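Working notes, beginning with the structure itself.
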Amino acid sequence: MSRIGVFVCHCGENIGATVDCAQVAQMSSSIPGVVHSVDYKYMCSDPGQTLIKEAVKEKKLTGVVVAACSPRMHEPTFRRACAEAGLNSFLCEMANIREHCSWVHEKGDQTTQKAADLVRVLVEKVKRNRPLRPIQVPVTKTALVLGGGIAGIQASLDIANAGQKVILVEKDPSIGGHMAQLSETFPTLDCSQCILTPRMVEVAQHPNITLLSYSELESLDGFIGNFKARIRKKARKVDEKLCTGCAVCTQKCPQKKIPSKFNAGLGMRTAIFVPFPQAVPNKPVIDIENCRYFKTGKCAVCQKLCPAKAVRFEQEDEILEIDVGAVVCATGFDVVNTDFFPEYGYGKYPDVINGLQYERLASASGPTLGEIRRPSDGKIPETVVFLACAGSRDRAKGIDYCSKICCMYTAKHAMLYRHKVHSGKAYVFYMDIRAGGKMYDEFVRRAIEEDGAIYVRGRVSRIYERDGKLIVKGADTLLGGEPIEIKADMVVLATAAVASPAAEELAQKLHISYDSYKFFSEAHPKLRPVETNTAGIFLAGACQAPKDIPESVAQASGAASKVCGLFSQDQLSREPLIAAVNRTAPPQYSSCTGCFLCESVCPYRAIERETITTRGGKPIRTIARVNPGLCQGCGTCVAVCRVKAIDLDGFSNSQLYAEVRALA
Amino acid sequence: MAETVRRTSGQTVVNDMEALRQRARELLDAGTVQVIIGYANGSNRRVRPFFARRPEDLERLILDDRCVLNLAVYLRKPEVKALGKAAVIATPPLLRSILQLAAENHYQESEAVFLALDSAGNVLELSSAEQIAGVLGSLPGSTGQDACVPSADRMPALSAGSTDRQARFAFWKQEFERCIRCYACRAACPMCYCEQCLVDSNQPQWIPVAAHSIGNLEWHISRAMHLAGRCVNCGACSEACPAGIPLNLVNQFLADRIQQEFGQKAGTSAKLDYALSVFSGSDRETFIK
Amino acid sequence: MKVGYFPGCSLVGSAREFNESLQAVSRLIKLDLVEIPDWNCCGASSGHAADHLLSLALPARILALAEKTGLRDLLVPCSACYNRLITTVYELQANPRLKSEVRELIELDLKLDVRVRNVLEVLKEAMEADGSSRIAKPFAHRVACYYGCLLVRPPKVVQFDRPEDPTSMDELMQAIGAEPLDWAFKVECCGAGMTLARTELVAKLCARILDDAVARGAETLITACPMCHANLDMRRGDIEKAAGRTFTIPVMYVTQAIGLALGLGPKELGLHRHMVDCGPLLAAATQSSTVNLQS
Amino acid sequence: MSEFEPKIIAFVCNWCTYAGADLTGTSRMKYAHNVRVIRTPCTGRIDYMLILKAFSAGADGVIVSGCHPGDCHYTSGNYHARRRWMVFRSLLDFLGIDVERVRFAWVSAAEGAKWAEVVNTTVADIRRLGPYTEYQNLIGRGVERSFQV
């Protein structure tokens, strides 16, 4: 039989002025199961709490209802008080008679009656509470970082420097990501590689970081603190341990005309290659699609010439299984190519290039060694037109969002062009300039005012080639929509930043949600920007939304600190208000019918399939099981279950039923 | 009122009964199956389910438009399972329910054999959900109202265009008041396979068990909600109801609404596509203010 | 192949030769055109700017009459009419309330189950279906295919071809032995909507179209739109004034080019009705080998 | 005879509407006293049976409220709830049960004023509709009133 204590708080005048607290206590005393009921001026004060603690002990209470403010305010206070008196803290509930009653209604019998009703509801609820203990989950203190761009590098270093183990997985042969491709970086114009490569080397040498380059995630199972990752280490066809990085193979490979991805297609590489001279690890990879040996069975020049005998044609992909406690997803972004734009020639004009290609042209390590030369004939262009918002913020193109980085890098592009070609003309077409950020607007102003970039507010309707020039047709909307035409030698499209093509598949492997553009979704757009809805998986960088370098680094450090926070505990403690599937006596074992209609409603994929077997291991039936490590307690499965085989602690079927009936 | 819409014509619609019997005989002879589940004449011009275990029993098998009871319910019964593997004389509604059961993990591949007639009168032998899904659309009578069960347009209070809520309430109140809570509807429904029905759980007692107005209404609302997005519209519930309540109308109405709103239809594929366990960000919400 | 046919006012007026050539070609490629009885104006010129409901009701009446013929496809050769009709289907399908309003207005049953088709897609289908038609005289000319603005836009409504760089007319021209050119003004506006209000602007726009076609070596422009044709052909004097130069390049309907290739005479195809003489083009030497249409 | 005072039971989610109603309180906005709030973790948890039980407990009107689409603390509970309500509401309407007595609303944690408005308009609507005798008459001679622990 329940022994419930009801404690009605006056909250000074806050409740007492409109609700007759003594009468509420009086009315509560007649609720079946209530053995103690008092009112007091300030329940949350020390004497108030002592009142509760003493009553718990003296009256041997099995449940406590504090009728006071919102549980969002003082529930922890009163639960702690109960726990100190020896009552399980989950046997304490609050009736909200302040925010939901005294503050919103006038003084009167009806308001007092409402307060008494609310108490009755919570008494019926607390009668059906059961003692619970916070859930303890062990933590594997190794982080998996996916993606070796600047965000992944930063996150890895931060976690590793905090003394935790990191496994960094990069799909390409080298880490560095898009940042390694950039020329100079806004707003300071320092050389991208100069600031990045020391970090890359640090990653390679860090004792706490295991770098798995040329590798991809196959699958991820488990839950926070206890993930199991399967990683495919793609065959390099080169023994990394033996290779000294002498580069004889890459110099002698006869297959030399393969467009280099690192150079955005503007330069060529060999079939056995290192993506760029500063690559980490600086070990080559054989591209078997283009390798003469793999295509014809003849050649093997690299193998013959390798002084370390490191070339291994027979090497196969390897699958590694790793236990990790947290995952940082930093898989980055992509930019759409020029062939996305029919109105700009479907990519058929070689001198219409995208921003990434321009970065390679402007980069000292690029195919032109940093001289701005147009791809078609290598001439130095006299007029260059830059188009911001190529695809971005364009509903007709299906990309509604702003790519965020283009305004700044376009200003930088125009500036770099003017620095390198003093006589050249740089036009920039823009919709509006979004230069929010420290020293950002100043940077754009500098491009316009000091470096003479000609900014035209308007959009370009068409680009076509005529007499060796690219005719750029647009409108200047600041000058009354006057149509203008520019005869350009080269056009640079600041093409939209989009999610990387593998993003959707990866999100499904990680069980994290993504938006309609395939960017990964954060748990809360404002307050939980680095977490995902799957506990233990964090986001860093442009896989979440287009971002520039400082933002990516900041988010990566944020994600790293979340991981370190998680790893600072040996066990995780979680609120135990979670769902569970009932178990009953044989032959049913559970009232669960095994229809699994609940499986897809769970936002956390916490519903698993559990096969009940005989002692001999013979399967009897398969029923649902809620993984307590994953369940967050929303209860959607409970409402979907026809037979009520699933129930949720704290909001159980019998509790909610009794709460409603308490109002009858 | 509902009595008037019951059809008991008993016309034979199947001329290829002999072909069906022949195939059933072969299956029994070969030992592929141990029992044939079909229909036979019962008393009082009614049909009854029939379990043929010997070849000579097969002569009693019939198939006509009175055969509405959904034989899929027997596949899950332990006493039927104990007879061995079964072949079932299949109508399109039965096959639809097998697909839905498969989607809900309650029919395993090759658990039984289904004998159906195609439009040319050939006997099809189906056992996997994939086979069923493949032929279902082409079977005779597989579209439209294929059960001889009540249809809404014959109920004045429910007919299209009726906006009289109180008339609807009065209609259903009267219908449900006749319910004696025998749960024949539940027993006849292949989708009501739960071992412990909500109405049988008493902690808490969600639905009053006594046959009075409120309990009856809550029972029928629950039944409809539990079948929403799962009912394959076989009509067996109405056929089974001794009080003649046109129960399938409620299920059919929700099935239509779900198809309109969410484009999902139960019993069309063995892949789980349950309208109430998925959602779309663009679901209509004009009623939410 | 049998389709409903809505010529619209241009094809019985200023663009008679489009109608004549379409009818002549249709006979040869076994395309049966069933003219919608009692058709009315589609409201393209001013109706759609004046009153939204009217702009839907006018085409809706044509659609309702077309439905009565029981034919699935309705050929609308004039691209302005095509645009109005297909837009009406799009808007009314999306808005049942508006649809019932329009249905009351036109007092006809309206199911919206007729497919509104333009001349390019119907010709392509008919020519492919009629495998027997043979090219008598390949139209061996360099042509600039000019689609104009209405055939391909707005893309979500018409859902035809690539909006910025359509190719369907180019393919038709290739099939009759012509050499379609890659040029920059395929879907540029000729300014037809402003032809009376701001003639000098229209002349300027047209001049640019002609200029690019000529610069790339086109011998003739090919069009499928009576409005474009009228502007580029009849306004030639204004265009030349605006450009400060002369243009001798003729402008032909797609059906006229096909007709010539199928062996029809210039007169049957109404070529004599053009302002800009097609004579020199026709006089130019042409090969006379026979090519199968589908090759 | 005293004026009819509607009895309203509200099922709200913990993260948005419950917090929104707290905000109404901290902002000291006044609203009708007729509502009794039952807290649930998420609209996804709100079983249609609870709405039926509220009516059989004598409620004249029911409010069901939670986070706006896209704001669900559990990402998608409210989307699932929305579908279930759509189906449930259609069913009630088909059976002739007055759907005007169930008010569905999205009230965020920031919408204190909206919560007051939702309660006030619901109370006004139910006042206009009158006591829900149609349903309560079904309950008959207190079959369920005998409920005790």
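The chains carry the letters A, B, C and D, assigned in the order they are written, with residues numbered from 1 in each.
One rule holds for everything that comes next: a contact is a pair of C-beta atoms (placed from the backbone, for glycine too) under 8 Å apart; a residue touches a chain by one contact, two chains touch by 3 or more.
Everything numeric here is computed off the predicted structure, so don't read it as measured data.
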**Asked** More C-beta pairs touching across which pair, A-B or A-D?
**Response** A-D
**Asked** Taking each chain's centre as the average of its Cα atoms, which chain lies closest to the overall Cα centroid?
**Response** A
**Fill in**
Outermost chain relative to chain C, judged by CA means, is D
**Prompt:** Cα centroid separation between chain A and chain B, in whole Å?
**Reply:** 46
**Rounded Å distance between chain C and chain D, as computed from the means of their C-alpha atoms** = 60
**Whole-Å gap between the CA centroids of chain A and chain D** = 35
**Request:** Return the distance between the CA-based centres of chain A and chain C, expressed in whole Å.
**Result:** 52
**Multi-partner residues of chain B (at least 2 other chains)** = 206, 276-277
**Multi-partner residues of chain D (each touching 2 or more other chains)** = 48, 53, 56, 76, 80, 84, 144
**Request:** Would you mind listing the residues of chain C that make contact with two or more other chains?
**Result:** none
**Request:** In the complex, go through chain C and note every residue touching chain A.
**Result:** 155, 162-165, 183-184, 188, 212, 215
**Item:** Touch list for chain A against partner chain B, complex
**Value:** 588, 591, 593-601, 622, 640, 642-644, 653-654, 657-658
**Message:** Applying the document's contact rule, which stretches of chain B touch chain A when the two form their complex?
**Reply:** 104-106, 193-198, 201, 203-204, 206, 226, 272, 274, 276-278
**Prompt:** Within the complex, which stretch of chain A touches chain C?
**Reply:** 342-343, 346, 396, 462, 464-466, 471
**In the complex with chain D, residue positions of chain B that touch it** = 157-158, 165-173, 206, 208, 210, 212-215, 217-218, 221-222, 224-225, 228-229, 250, 253-254, 257-258, 261-262, 275-277, 279-281, 283-285, 287-289
